[in-house]
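Think of it as A, B, C and D in the order they're written, each chain with its own count starting at 1.
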Amino acid sequence: METHNVAMLGTGLIGDFYTMALHSQRSRDRVSVAYSRSEERGSAFSKRWGIPTHTTSVEDAINHPDVDTVVVALPNFLHEEVIALAADAGKAVLCTKPLARSAEEAKRILDRVESAGVFAGYLEDLCYTPKTLKAVASVESGSIGDVTWVRSRETHPGPHSAWFWDKDKAGGGAIVDLGCHCIEIIRSFAGKNNRPVEVMAWADTLVHPIKAEDNAVGLIRFESGALGQFEVSWSFRGGMDLRDEVAGTEGTIWLNHFLRTGYEMYTSGGGDGYVAEKLESAEGWLFPVGDEVSELGYVDMFTDMFDSMEAGRQPRETFYDGYIVNAVMDAAYRSADSRLWEPVDVEWRGGTTPRIEKKVTTHDGHAIVKEETLPDGRRKLILSDKDTGSIFDLVTDS
Amino acid sequence: METHNVAMLGTGLIGDFYTMALHSQRSRDRVSVAYSRSEERGSAFSKRWGIPTHTTSVEDAINHPDVDTVVVALPNFLHEEVIALAADAGKAVLCTKPLARSAEEAKRILDRVESAGVFAGYLEDLCYTPKTLKAVASVESGSIGDVTWVRSRETHPGPHSAWFWDKDKAGGGAIVDLGCHCIEIIRSFAGKNNRPVEVMAWADTLVHPIKAEDNAVGLIRFESGALGQFEVSWSFRGGMDLRDEVAGTEGTIWLNHFLRTGYEMYTSGGGDGYVAEKLESAEGWLFPVGDEVSELGYVDMFTDMFDSMEAGRQPRETFYDGYIVNAVMDAAYRSADSRLWEPVDVEWRGGTTPRIEKKVTTHDGHAIVKEETLPDGRRKLILSDKDTGSIFDLVTDS
Amino acid sequence: METHNVAMLGTGLIGDFYTMALHSQRSRDRVSVAYSRSEERGSAFSKRWGIPTHTTSVEDAINHPDVDTVVVALPNFLHEEVIALAADAGKAVLCTKPLARSAEEAKRILDRVESAGVFAGYLEDLCYTPKTLKAVASVESGSIGDVTWVRSRETHPGPHSAWFWDKDKAGGGAIVDLGCHCIEIIRSFAGKNNRPVEVMAWADTLVHPIKAEDNAVGLIRFESGALGQFEVSWSFRGGMDLRDEVAGTEGTIWLNHFLRTGYEMYTSGGGDGYVAEKLESAEGWLFPVGDEVSELGYVDMFTDMFDSMEAGRQPRETFYDGYIVNAVMDAAYRSADSRLWEPVDVEWRGGTTPRIEKKVTTHDGHAIVKEETLPDGRRKLILSDKDTGSIFDLVTDS
Amino acid sequence: METHNVAMLGTGLIGDFYTMALHSQRSRDRVSVAYSRSEERGSAFSKRWGIPTHTTSVEDAINHPDVDTVVVALPNFLHEEVIALAADAGKAVLCTKPLARSAEEAKRILDRVESAGVFAGYLEDLCYTPKTLKAVASVESGSIGDVTWVRSRETHPGPHSAWFWDKDKAGGGAIVDLGCHCIEIIRSFAGKNNRPVEVMAWADTLVHPIKAEDNAVGLIRFESGALGQFEVSWSFRGGMDLRDEVAGTEGTIWLNHFLRTGYEMYTSGGGDGYVAEKLESAEGWLFPVGDEVSELGYVDMFTDMFDSMEAGRQPRETFYDGYIVNAVMDAAYRSADSRLWEPVDVEWRGGTTPRIEKKVTTHDGHAIVKEETLPDGRRKLILSDKDTGSIFDLVTDS
């Protein structure tokens, strides 16, 4: 039975979530070393989670002899530097989303871990929610036919730490913070080998006194013809809205990860417990989820990471995936600026994907546009004339 | 007590819905004359609804002495001609959606009824659903603050009559058929006086063997900075998806008009009743609505039309609104083709709308980006430095 | 086109709802006279609804020459007296729920209108909600097979007027106020001719300083073997919970009439509009319904009443139904006291209903208890041995 | 880091679920030995789950030197015997629900493990669902005030194995199979120390050709005055309905564990994947859950069991709890037969619970029944006269 000892770099909200997931249930793996730039926060964090060692030296954390895996839970502008240190130390490295602030930076990170030959996993938790894993499997098994459209939405009233709101440190605003999730969810449904060809995005700063965008919508055109659609906002009211919708030629999938999961509660305001992340109020109708670290995918994510590491295979979410996400976001930012569809510039490894197939059946040689059964049992056909292309009705007994 | 006698032009599905609504409950108004191009269909229709007279002459229908109101329930390419006849006859005219196949055609229709001085109403039922009316009133009363984003979605497996699928007769595909609803719903929430400035649209023919688009997504930028987003499809699986979402600076509204309205039913397949429009199956889990003509807005729509007529005021939905919708759709089609944001060309009567207001409060002169209460009761402020614009945290007791 | 002129007896909340429904849409019928015990309230009410005449004399209201129909919207203890006056005047009489405070009182009322020969309708609005009407039609068409169980639930934080809380004036507490709805909904699904045989009820006064019950649950055993289950409360938190569930041998129906109808709204508290009845707050997540008078059944109810009156037929809900409901409530009160199943004492007009049929199929003479398809395509049968009755598995290819 | 080696007794559906949960994520614990009465099933099971040893001797399984924990996943009639063997062997024993077929049998089992001094845990998974754990914590923190009513419902089309349907082997029908879950869920919300005083139950065999009940409803009166309500059925159509509702003086909780958890899917029938337990169809609208073993509580349940074992404390669900559940079910069966409220006969360890408190406030000495704010801002009080108890309105400025 293999176990893993983790150096947790970063002790903010995401560090808490990661450690809760890593230590959850009957886990074999533990956080052994915590690194924080602040002695005070590192100490409190270690106490909170029963972590034996903490340090304000990132090098010491990474190079600690007990540690075999480095988890990067730091602000975006610090990723490249610490991943390089981990790669040099020959340690496995798992990095929070987004991988980088730009595709260029992401590519350097990817090259670094690949040349070092260390295991690298992209901590894209929302691609690992139990619902998403099962839904992606359904799509892959053909349950909804060819995917034609994917909507992924993540909106809430805004992040908790200052650096998120700082365009330079974060690399952008709501697109970089939330869109990275949506884009990878969209790819998971549209197909990882389905090339994102180009992006059209709208972004604006409508509500907050910041330079970065607080609202954005982006359309992603895939090689197959499928359309991805991401919607992000830092000004949503009512909690955290995490929803995905997938349309296929043979079916539909709707996932709601947060505000409507079968847990509904009204309270006049008593009690004192934690209810849910990004909640705006502690009274009235509230919509908690059962087990956040599980339902947000953290548990399944780390399971895949360590199982993959032990099996010597790539995890479901790799640094390459993180790089693709950054490239799509770069295109989105360019598009928001140029107001044009912008190509996704990327070193593509995914091969080609054929166009969504029109499965046209015919009647007397005319393509069947639609077929209905009338109340009297007869068939009504809407046909496209084989010669003229004009469209006409035909009611038939057969 | 005034009553109205209606000439119903067209006896297809929409004619049925209109007549059902007109005759519903304890209505004072009746369809007196039915016009169909087909004697057989006109006869069946009149029998079905107890209509005293039917004819295959549109002129006879319009000019019938009992008739004071003409309802146009004909395919798009026939609107202009019959509206002209009604205007000439000095009759009130109510026209189904879309008003026309293009803004140019719509403008001619608008000019004709305005110069004739007849009452003209645009039968945009989905702006009259009881939920929409109440939600629009909530928005107008300020319940959700300034509107920042509106999503309106209408998708189903495709229309029932051949002419819808014919680009020339219909003026387009799913955008013209379904997008017209979405655009006017979006305008209702964003504000009728909030000018739609430009449109970016994606449209494709993914599934059906037709020339018109069967899937499309459009973004509409309004003068206030708000974004409208319409999603239409003729290849959706699972019934008819009719949903609207509105985000505001102070709140959120989600409306589901069809597939999830609090009526859920599982059946192993027995029984023989009609369940709901556009339903794909008569077994398994089904999601009917209670009273379709009411919940889809037909009843409130005709009430507004006749009440307005009697009161000598404009109805909520006018031919001018129909013309604006056509102009937005024209821009969407141009954009789908040019791949650019396209301006909405329109003779605007709605005045100007100010930009969504950022209500910035300050702390020591620094703009407050976000404010949270920590578990220990202290306030955490995320601030934008008044001099440098850099963003920093501040925890304070006051 | 017939029209009706109504004397509205009572100007409280229910009088408002009735008048709103009567005057709604393009109605042919009007309230002509309003009666209130209070000159002030009667005057305000008449002004609010545009009613030409109001009076503090119930005799004057009933006997007003314009009036053909008397609507009783008064507290329970006043029903018998005014219905007698209306019967004597030969006017049609429509009475709010419950018909009376006891089956004995209800029977006297029923006898009085029957001997007078006047039209009498029981204003049980919740049996007329559009969802209920369609669901009952589905059940009657066989969509869910034989009904085995019906749950009807109505709970809210308590009524608005003092007399409801007074056991003598109302005839009871939450059972009389809310249970009367539930019982008639249950009968509508179980079958109006399916005799309610006996009742077991629990009732308690858990929260409010009153003598009447504020919480109760009752079980009703029907002749067919079906079970009805009503749940009522005056201490529910979160709004008004109106839900019905029906189980049948071939299907299931779930209706939600109020708190989850596809209209969801979050507001930080601005705006000033009315949102919904029995709402506890004006901020946070709120769940309005679209058109309350329609969705709560008032519109369809009055339509049925007047249409039935004109057609010379009995309405869907008669005074006899009201009498049955009172008899079931009497049994419930006796049961809550005796702690026994209590028979429903009633002069039954509904004939007999056979026991729910077990449609047993056999395999080699053994009754099939359950049948499943295994992953490998074979059939698994759970069988009851024809001789011993012992239960065993059998996996078979055929 | 402690680990546990489990002997899994029983290789049916529940054995699969348990093993899936035990081996899930990064678990330290493993099933080491599988026991099945059938060599074939034992072999297939061990292969399926990578279990090193399997046997058809229950003694060998229990006494295997590697094994420290015995999990009983056998039919009800075999529990007592194998638990005795495990107790004799001094092994920890975890037993599936229900603990026994009667309170008498359960008491013997409880006494046996207590006198042997072995760790014993009751595998009541539905009390461990993430939603239930969080909701119980909310209730315990006071979020909904005093609990007044709990509804727990479990219904589906019937179990998969023959013995469930056999009254002697199972100890009953749907009450024993499903009611045991509901009763313990109800106790979790009403309070484990809140004594279940008496039970009234209805049970009938409506649909299946069996002797045991296939439908039942039971009411449980607790010492505090709270009412529990369980609803079970083996004839529900549409999947597996698992819902809990809790009403309190200050709030409401609604949990939906299966059919509506934010995962909705329509498929025309393609694909071949497993979707969800007890699903009736593989096409149309389907409602899977994300991760069944997690959402049904299996993962958190085993975590609590092993963590408690290691910490030397009692788990959340003990054999004593299982015994109480059996006692409540015994009372339910007696009541279904006698048609009376039947006392719960039990050796109670839980102390006493006070009556739900009426928090009555007064105005001028009169108890306030209800308080509302009128549109004009004044307070409306409904008061109970301090001398006469009669109820009256008062509108006041203060």
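Observations
Criterion: a residue touches a chain if its C-beta (ideal position, glycine included) is under 8 Å from a C-beta of that chain, and two chains touch if they have at least 3 such contacts.
Please read all numbers here as calculations on a predicted model, not as lab measurements.
Any chain touching chain B that also touches chain D appears here: A, C. In the contact between chain C and chain D, the residue numbers used by both copies make up over half of all numbers at that interface. Using the average of C-alpha coordinates as each chain's centre, D ends up farthest from chain B.
Per-chain Cα centroids separate chain A from chain D by 35 Å.
One simple way to say how far apart two chains are is to compare their mean CA positions; for chain A and chain B this gives 33 Å. For chain C, the set of residues that touch two or more other chains comprises 144, 237-238, 250-252, 266-268. Listed in rising order, the residues of chain D touching chain C in the complex are 144, 148-149, 151, 155, 157-163, 165-166, 200, 202, 204, 206-211, 215, 217, 219, 221, 225, 227, 229, 231, 233, 235-238, 241, 247-252, 339-341, 356, 358, 360, 367-370, 372, 382-384, 389-393. Within the complex formed with chain C, the residues of chain A that make contact are 237-239, 266-268, 280-281, 283-287. Per the touch definition, chain B reaches chain C in the complex via residues 1, 3, 24-29, 129-131, 133-135, 137-138, 141-145, 250-257, 260-273, 275, 288-291, 294-295, 299-300, 302-303, 306.
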